[in-house]
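In this document, chain identifiers A, B and C correspond to the written order of the chains, with residue numbering beginning at 1 in each.
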């Protein structure tokens, strides 16, 4: 296949970036999208040019590092996968592919396609935990039975890989799906209920401070989430927040 | 005791750990505030250690090359975590977990360490549940278990196919709590480039800020290396792209012995290589072997026809299939340990029975499971005369509920529907049992320098059982290191902050700068990946699933020559004082080119077959591994002496007082 | 409580509550209007009641005006914040791939409806205020029907009304169900709420459109 690429290049955080055109020949359907970029980079290095920097690590869809906006969609055209799981068989000969970094004021570009997602870190640090000491002297794991339905829902919320596709897909660059997934996981478990009030308030406060946009319930985040995190979580967080605000 | 003192406490096996905890020195809470600890790596071991140490009151600095501690590769572990809870009432106990682990490791691990691991395994589950880790539960609200390879009980706790991610997020949450309190300072996108020793003790590190390229000095009273394994030296592996041995290797270069480098785990169920462009391999959880049956065609001509695309696997009659694991190992069948399953696959493929284009794949077939579950479901749903199609449909639904995400992942990569046609799998490098040598306290041979998780060598011997890596990482980080490190730090309550402007830091920083400058100025013609791929090929061909003396000797020479070529002809574009992924890779590959040689030397030295280390010269007539307990019942610990070839071997004799050494049999 | 005022979630809830209030008001409005097609006398009676009842005039009416103002001011504030959350735009953004046009363009449909409200206030509300409080005309319980029908005589106004109701329909299509999500309701009733929203978003504006066209086609002959 012959593929035309339009890729965002930006030297560093303070430089202005621009789209640069590249052409790739001999692309095979069995290649992953990132392997296609590897080959492009090998080519650039051999020509003495600086290769394109992009974030990636596990290349199996779980670490949440890769963060490419491909043809206007986070992680590209396929559903329920990350960019590293996307294969070139999703494209055809002669296609033009636009590759940009995830865009949000709260995710500034570091270089080329790499963005800074520390805003997510700070949201988690504000309350994304249960305050239990790691002494091992807790109660036996089976002492508190948890309804399977709640355990499953908590798991589904906890499946979030923190990639930021929800923010990238949202026309408002809102981080509600990410934040609500963590809030939900703990809100659904008896261990997490103890601090539920403070948690939701602290995490939402931090989320707002980071400069993410507001949720307008377009549902784009849910569609683009590689782990299929449900909008129910956002509703749950709204509910938790309301009751937390009334309580204190 | 000599140079390698394992510091194993005396007394009965089951009481050693308690006794040790009672006897070691502690640091009082007020003094902990004056003590700094650096933790390199934030996976299960590093993350849990950092959180626990900070909670105890130490000032902790964590370092990871990823943009968040949560992205460490522990996250990719799928199947589960073992614990001897005996919730299933199937006769599990600490002793049985200990026994299985030592036996699974082919009697090359330290008894006391493994027993401690089994002893704290239950605590891990309690801890994780109280942290909000959403393990799978049954309808009664109790925790569910599944079984894994190499054992006869059901002791594996899991969270669908992403147990690693859930456990890591638990440790990460515990870290976040401490970051929030200011007790942990988290340095992300930072890479440790060197260990700094002051008066023979580990007192700090030199790190590179991967965004700005700045070289930074960080001091502490102790350093914990939890940077994972070195399997990426094979280029193709199930490791993440960034996984590297730099922190461990630089520590080795500063004096820490490196143990059993040749003990590598090749995981049997990975998606086969598809072409030249391949950058990494994807693992399919071992849990699939609970229900999948592994086979190749019985006749060579059928295998040939399948490879050429003239025959479909589903067209092959039952009697024309060779379920070789069930044939060779009737007792454990498809659930033999990983090393055994991997070697058996290689044996069949080498004999010409491989089933994909490259001849390096075997089938993992769910048809029998689909039909079995389907008829079960039909019965329970009251469908007494369901036809085959109905049964199949019901069965597919059951299999989907169990393994849906894995099947989907397979289909995405291979573009074939595994419900309709058997999966193709082949072994791939997955884990390294070898690592920095540590004593019972997890201290390396450098005082004040500790190693935890996959970065150390301790608990898995020559082969790791499934679902034990997560257990060991968390055991080290939550329950072992926080106690044992106090024994060392108790002497440091009056030391005060370690200055970073000392001669030792100057020298270490200069070494690092020189190395970076050498890489940047090599100005050759070959990319870093060019060398990495070449190294990977040497490793896979000559130091992979089976090894022989001749090949290993060749490997040593080839790697040495490749390393020389690398330093002369590598090309690293861009600048050193900038974000530069090629420079990051170059530093990592430079270290792989050193450890690769030591790896081959270690494999050559070990004239026996055990666990993941299979020497063709040492096998039974049936092709099973032939261990030599008389001459090789030791841990090989290598001391750095300049070039890898000059490394000096030290041996820690392994003592088995509580377990009888047997030939491992899964027949 | 203070967090409820300052946070993004609180702002969304204000949006949802004011929106739902306006949705309810629409139902009342359409019901009264519909009587103008069925029985001019009933229409006159009800209109007179609304125009002169103290409760309606001094409590309901200010509440409605506040509701409208809060809804549109908050809408604009949110929109401003949302555009600020992504300062560098994508070269290519395929919004249609993951969200409906309506949900992404509430600001457009909202502003059109707002502009329409301007015309509508000018037509009826300003007229009423002038009639009652500036010119201080005596009460006339029979004037409403004729005044209303007369308004729809010009073609341009009828067309404007019809177009505006079309956009109101789009606004409701997303907004009604969305307000439940904003207030934290997403459960087994959600599919029903969504279906009801779709019916409501079509039927209510359609009835308004019908009334406008009906009066345009059936002028009062003197």
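FYI, contacts are C-beta pairs under 8 Å (C-beta built on N, C-alpha and C of every residue); 3 or more make two chains touch, one makes a residue touch a chain.
These numbers were taken from a predicted model, which means no experiment stands behind them.
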Both-way neighbours, i.e. chains that touch subunit C and touch subunit A: none
Busiest interface, counted in C-beta pairs: A-B
Identifier of the chain whose CA centre is least distant from the whole-structure CA centre: A
Gap in Å, rounded to a whole number, between the CA centres of subunit C and subunit A: 37
Centre-of-Cα separation between subunit B and subunit A, whole angstrom: 26
Distance from the mean Cα position of subunit C to that of subunit B, given in whole angstrom: 62
Subunit A - residues contacting subunit C, complex: 6, 8, 19, 69, 71-73, 77, 98, 100, 103-106, 109, 169, 171-174, 176, 201, 204-205, 207-208, 211-220, 223-224, 231-232, 234-242, 244-246
Of subunit B, residues touching subunit A in the complex: 48, 51-52, 55, 66-68, 70-71, 73, 75-76, 85, 87, 120, 123-143, 159-160, 162, 164-166, 169, 172-174, 176-177, 179-180, 186, 188, 211, 238, 240-242, 274-275, 277-280, 282-283, 408-409, 412-413, 415, 478-479, 482, 525, 527, 529, 571, 573-574, 578-579, 581-582
For the subunit A and subunit B complex, residues of the former touching the latter: 12, 28-32, 34-36, 38-39, 42, 44-46, 48-51, 53, 55-65, 78, 80-81, 85, 87, 89, 110-111, 114, 116-118, 120-121, 124-142, 144-148, 151-152, 154-155, 158-159, 161-162, 185-186, 189, 191-192
Subunit A contact footprint on subunit C (complex, rising order): 1, 3-4, 6-13, 78, 81-82, 84-95, 97-100, 103-104, 106, 174, 178, 181-187
